[in-house]
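Two complexes follow with chain A in common, the first pairing it with chain B and the second with chain C.
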Partner chain A sequence: MGAAYAVPTAVVVTLFFLIPLGLVAVMSVDHWPLLGRATPNFPANYTDMAGDDLLRRAVGFTLKYTIIITVVLFAVSFGLALLVQNPRPGVGALRTAFFLPTAVGFATASLLFLGMLSNEIGPVNPLLRHLGLIGKPIDWITGSPTTALSSTVGLVTWRFAGFNMLILLTGLQAIPTELYEAARVDGAGRVQAFRRITLPLMRPTIALVLIMMITGSLLAFDQFYIMTRGGPDDSTTSVVMVIVRQAFVKFNLGSAAAISVAALGVLIVLNVVQLGVLRRRDS
Partner chain B sequence: MIRRRRVAAAGGYYVCAASLAILFLYPLLWSGWASVHIGSRWSLQNYRNLLTYRDGIGTYLVNSVIVTALTVAGTLFVSLLGGYAFGRFSFPGKNVLFLATLAILMVPYPTILIPLYVFLGDLHLQDSLVGLSLVLVMFQLPFATFMMRNAFEAVPGELEDAALVDGCGSLGVLLRVLVHSVRPAVITVALFALLAAWNEFFAALILLNSSEKFTLPVAVVAMEGHSFGSIDYPTMQAGVVFMAIPCLLLFGILQRSYVRGFMSGALKG
Partner chain C sequence: MRTYLRRPRRAVLAAAVAITALVLSGCGSGASSSTSASGGGGGGGSADDGTTVTMWTRAGTQTQTQALVDAYNAGHKNKVKLTVFPNEQYPDKIATSAGAHALADIFTSDVVFAPNYVSQGLWSDITADFDALPFKDAVLPSHIKAGSAEGKVYAVPHAADLSVMFYNKALYKQAGLDPDKGPASLAEFADQARAVAKLGGGVHGTYFGGNCGGCVEFTFWPSVWADGGQVMNDAGTASTIDSPQVQAVFKVYHDLYADGTADPASKQEDGTTWLGALQSGKVGIAPGPSSWLPLIRAKGVDVGVAPIPGVSGGTSTFVGGDVAGIAASSSHSRQAWDFLSWSLGDSAQVGVVAKSGQIIARTDLAANQYAAGDPAVLAINRVMANGHTPYALNFNATYNDPQSPWTSTLRGALFGDAGSALAGGQSAITKSLNQH
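On to the complex of A and B.
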C-alpha cells in the first residue's frame, strides 16, 4: 500500500534523473551534434579533452577560484558568526542584515554587482576615489583578470557569507558554555579557549561548510556567465562555462557530455575523500 | 576605570558591527536607489523601459509565475506523498528509491541538464515551461523528500491509529490528520521550491530557447547582449529590484520557516 504513495517520486526520479544520467554516459561516447544523427566515436570526446586549451585554462582557473573563494568566504563567514555569537542588544538585527543578501537570487545578485561595479552608474569607483584609494576609475569587470576575479569574489562573499555564518553559528551555539567557564577558571585566555575548545568542537560544522563551499565553487557558473562573461580574454571562464559552450556554441553535445561525466567523477572522488577524512577525525 | 574600558569595548564592537551591517545592506539599498534614478535625477523611466523591453516584462513575469506555481505544486504533491511513504510505510525498494532521490544532490547541474535538453525533446517538452518546472521539481526532491519524511516520522503513531479506527483509509489519514501535523514542513518545502524556481537561472537558460518563453532572470540577463554591447544599467537595476522584492518580502514574512529550512537542509542533509 505504502509503495503507491512513492510512485510519483519514483516516476520523477526515473524520468528526470536516472534516465538522463544513463543518457549522458551514452552521449559522452558518441559524436552527438545539436541537430542530426549521433554516431559512436569513443574515446574521441574524452581524448579531445586533453588537447582542449580552453578547458585546460578553465580547469586551472576554476581550481584557483575555488581556493581563493573558500579561504575568503570561510574567513568572513566565521568572523561574522563569532561577531553575532553572543546575545546582546541589537544582535538579531545584525544577523538579519548579514543574512539578507541570501534572500536575493544569485543571478539577481550578479546583475546587481554588474551595475554597482560599472563605470556608468556604479558608486564603487567614486567612493574609492573620494577616499583617495585609487587615482582613476578602475574597469572592475573587464579591466584585467585580477579585477574580474576580485569582483566575483566580492559578489560571492556578499551573497553567501550570511548563509554560511548561520550554519557556523548553530555549531558555535551547540558548544556548552560551561566549557568556556571551566577554561576561564583554569586561567585560559580567549585565544587559548578558541584554539582548545571552539576549533576542535566546531570541526564537523567547519568540514560541512568547507565541503559545500568547495563543491559550489568547482561548479561555479552564474557569477562568471552573468558578470564577467568569462573574460577578459577567457581568463574567468569556469569548467561549467566550457561545458555550456561546447553544447550550445560549438553544438557538440557529445563533448559537453564527456566533460560533464568527468566533472561528476571528480566530484564523487572528492566527496568520498572528504567523507573519509571526516569519519577518521570523528573516531 | 574597568567600567570605562567596558563601555569603550562595547562601543568598539558596535561601531565595527554596524559598519559591516551597512556594507552588507548597502548594495540592496543602492540598487533600489539606482532603479529610480537616471543620472542624479529621480525618474520612473527605468520601470517604464522594463514594460517595453523585448516581449515586455509582463510576459516574463507570467512565465516566471507559471514556472514557480508549477514547481511549488509539483514539489508539494510528489514530496508529500513520497514523505508519507518513506516516513510511515515499509515496502520493497524503499531504501534504494530514497537513496536515489538523495543522490540528485551529488550530481552537478550540467551533468544532468545536458542530457535533459535532449531527453525533454523526446518527451516533446523542449523549450517548454512545463518541462522546466518538472526538472525543477526533480532538483527540489532531495531536500523536500527529506524534510517531509522527517516530518511524517515525527508524528506520533496514536494520531494515525485513532483516525484509522474512525474508519479513514490511509489516504484519508494523510489528508484529514497528518497534513495538519506536518504543516511547518509543508511551508518550508513550498517556500524553498518557490524561491528556487523564481530565481533559477542555469536550468532556465539551458532548457528555454525562445525569447517569449524566458523567465525573469534569463530575460533580465539577456539585457547584457541586447543593445550592441552597451548595457542600460539603470533599467537593469529596475529588473533587479523587480526580481528581488518578492524574495525580500517572503523573507520578512516567513523568516522562521526560512531559517529552519536552511538549518535542517544544511545540517542533516
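On to the complex of A and C.
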C-alpha cells in the first residue's frame, strides 16, 4: 500500500529525470546529429573538450563568477536577514520590499536591467549624470568585461537577495531566544553571541543557502544569455552557454551532452563535499 | 543539541533534492511535442484541397511573409497558418524542433544558414517540382545556390533583402551636401558622414551594429566585394579577412567611430535597436537592409538610397533575406509546394511583393510597374546584379552567433587595433569554418 503512494512520484521522476539523464549519457558517447542516425564515437566528445578554447575560458569565467556572486549575494542576504530579524515598526514593509524582486521572473528581470542600463533608452546613465556621479555615459553592458560582470552581479543580487534572506531569516528565527538570554546573563556581548550562538546554530541553513548559490551560479545562463549575450568578446560566456551553443548553434548534440555530463559530475562532487563538511562538523 | 540540529539538516537535504528535481525537470520540458500525423500527403487530386499548412518565419521578414500568406489564403481553399519567432531565437527554435521532429510544414531560414539546414536534412528534396516551373532560371540564383546541394534543390527564395546605404536627405541639405546623390566611394561616405556629424544637436554622422556579427557582415562585406576582395573562399572553408581590402574597409569605420562621427551606441548595438536608430532621423548616412525602406519612411524620415561603395569606388550588395523549404517531416508536402510555387509566380511577385515596395525574387520581373515609379526601389533593384550571397556550412557558429570568432574579430578591428585583430581573427574563423 505504501508503495502505491509513491507511484506518481516514481513515474514523474523516471519520465522527467532518470530517462533524460540516461539519454544524455548515451548521447555523450555518440556523434548525434539533429536528424538521422547516431553513431558511436567515444571518447571524441570528451577529448574534444580539452581543445575547446571557448569552453576553457567559460570554465574560468564561471568559477570566477561563482566565487564573486556567492560572496556578494551571501553577504547582502545575511545582512538583510539580520536587519529585519526582530519585529520593529516598519520591519514588515522592509521584508516585503526586500522579497519583492523574487516575484519578478528571472528572464524578465534580465530584460529589465538590459533596458535600464542601455545607453540608448536606459534611465540609469542620465540619472547618474544628473547626480554628478559620472561625467559621460558608461557602457554598462558591453563597455568592458568588468562593467558587464558587475552589471550582472548587480542584477543577480537584486533578484535573489530577498529569497535567500527569507531562508536565512527562518533559520535565525528557529534559534530559541532563551539561548541569547542565557548568554547575556553569562555576560556575553553581541559579537560573542553572534559568533557562539547564531553562527553555529545557523550552519544547516547557511549550508543550504550556499549549496543553492554555488549550484545556481555554476549553472548560470539566463542573465548572461539575455543581458550580456556572453560579451563583450566572450568575457561573460558561462559553461551552460557553451553547452547551448554546441547543441543549438553548432548542432553538435553529442558534444553538448558530454559537457553536460562533465558539469553534472563536478556538481555531484561539489555537493558531496559540501554536505560531507557539514556532517563532519555536526558530529 | 544533536536532536535540535537533526531536523534542519534533513530539511536541507530534502530541499536540495527538491531543487535539483525542479532544475532538471525545467531543463527537459522543451522537446515533448510531436508532429501530428494526420494524412493529406501523397495520392492524386488537387493540391488545393482545404488543408491547413503550418509555416514558421522570423520577425525580420515577417511583413513580406504575412502579405504573401494573406494573399494566398484569400484565393485558395488551403490555409497557411503562420507563426513568427523573434530573430535571435529562431535558429534555436528550428534546431530544437528538428530534434523533436516537430517542425512546421514550411519553415523559412536566413539564406546564409540554409546550407547547414540542407546538410542536416531538415528540408525535403523539391528538385522535380522546382524544375517544372516555367521561370525556374529567373529565380534568384544566389538563393537557389544556398538552398541546394549536389544538384538537388531543397529551398527557394522567400524574402530577398539587400544591404544598401540609407542617407537622410534633410540632414544632407542642412550640411550643404547634395540630397540626390549618395557617396561613390567609401572615402566619400566617410566625408559625408563627417559633414553631417558637424551639425551637432544629437545628430551623428553614421551608425552600425558594432556588437552584431550579422549586421556587420551584411553591411561591410559589400565594400570588400566592390573592391574586388573576398572574405573567404568559394567553398566557405578558408577565411581571407586579413586582406588589404578588408583592412581598408575596417579602417574607414574604425576612424569614424574613433573621432566620434559614428553614434557611440554603435559599439553596443547588437541589432535590437538598429532599426530604431535609423528611424530616429538623427543619423546622416548608414548602411542597412533594403527591406527597412518602408519602415524608415513610415516614421516620416525622407531617405535616399545608394548602393554600398568600395573604398575606392565600385558597388556591391549582400543578397540576404530568407529562403523557404518544406520540412522533411511534413505530411503536407504537396499543399506546401502549392503555396511556395504560387509565391514565386508572377501575380504574387508583382501584385504582392513589388506592390509593397519589397525586393522581388525573380530577375525577369525587375522592371515591373511598381519599381518604375520609385527611384529608391529602382536603386535597390539595380544593385542586385552585383550582389553576393556568401556560402559556408558553418555560417551561424562562425559569423552570426554572439560567441562566434567573427564577432570578437570585428569588435577588435572596430574598437581596438585593427591590424592584429584581423590577423588573429582569420585563423580563428578558418578553424571554425572547418569544424563539423
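Everything below uses one rule, namely that the second predicted complex is superposed on the first by the 271 of 283 C-alpha atoms of A that agree within 3 Å, B and C clash if a C-alpha of one lies under 4 Å from a C-alpha of the other, contacts with A are read in each partner's own complex, and residues count from 1 in each chain.
We adopt the following convention: contacts are C-beta pairs under 8 Å (C-beta built on N, C-alpha and C of every residue); 3 or more make two chains touch, one makes a residue touch a chain.
Please read all numbers here as calculations on a predicted model, not as lab measurements.
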Looking at A:16 after the superposition, I want to know if it touches chain B, chain C, both of them or none. Which is it: first, second, both, neither? both
Which holds for A:141: it touches chain B only (first), chain C only (second), both, or neither? second
Under the stated touch criterion, which partner chain does A:75 make contact with: chain B (first), chain C (second), both, or neither? neither
By residue count, is chain A touched more by chain B or by chain C? B
Classify the contacts of A:1 with the two partner chains as first (chain B alone), second (chain C alone), both, or neither. first
After lining up the shared chain so the two structures overlap, which partner does A:237 touch, if you call chain B first and chain C second: first, second, both or neither? second
Does the superposition put A:54 against chain B (first), chain C (second), both, or neither? second
In the superposed arrangement, which partner chain does A:98 touch: chain B (first), chain C (second), both, or neither? first
Quick check on the superposed pair: does A:272 touch chain B, chain C, both, or neither? Answer first, second, both or neither. neither
Considering only touches as defined above, state whether A:250 meets chain B (first), chain C (second), both or neither. second
Both chain B and chain C contact which residues of chain A? 12-13, 16-17, 20-21, 118, 120-121, 208, 212, 219, 229, 244, 247-248, 253, 271
Hey, which residues of chain A end up touching chain B in the complex? 1-10, 12-13, 15-21, 23-24, 27, 32, 80, 83-84, 90, 93-94, 96-98, 100-101, 103-108, 111-116, 118, 120-123, 158, 161-163, 166-167, 170, 208, 212, 219, 221-222, 225-226, 229, 240, 243-244, 247-248, 253, 256-257, 260-261, 263-264, 267-268, 271
Residue numbers on chain C that touch chain A, as the complex places them: 2, 5, 8-9, 11-13, 15-16, 19-21, 23-25, 27-28, 91-92, 95-96, 98-99, 101, 116, 120-122, 211, 264-265, 267-268, 270, 273, 276-277, 328, 394, 396-397, 401-403, 407-408, 411-412, 435
Using the touch rule from the top, collect the residues of chain A that touch chain C in their complex. 12-13, 16-17, 20-21, 33-36, 54, 118-121, 137, 139, 141-143, 171, 174, 201, 203-205, 207-208, 211-212, 215, 219, 229-234, 237, 241-242, 244-245, 247-251, 253, 271, 275, 278-279, 282
State the interface residues of chain B toward chain A in the complex, per the touch definition above. 14, 16-17, 20-21, 24-25, 27-28, 30-31, 34, 77-79, 81-82, 84-86, 88-94, 97, 100-101, 103-104, 106-112, 114-119, 123, 134-135, 137-138, 141, 145, 170, 174, 195, 198-199, 201-202, 205-206, 217, 220-221, 224, 231, 233-234, 236-237, 239-240, 243-244, 247-248, 250-251, 255, 258-259, 262-263, 266-267
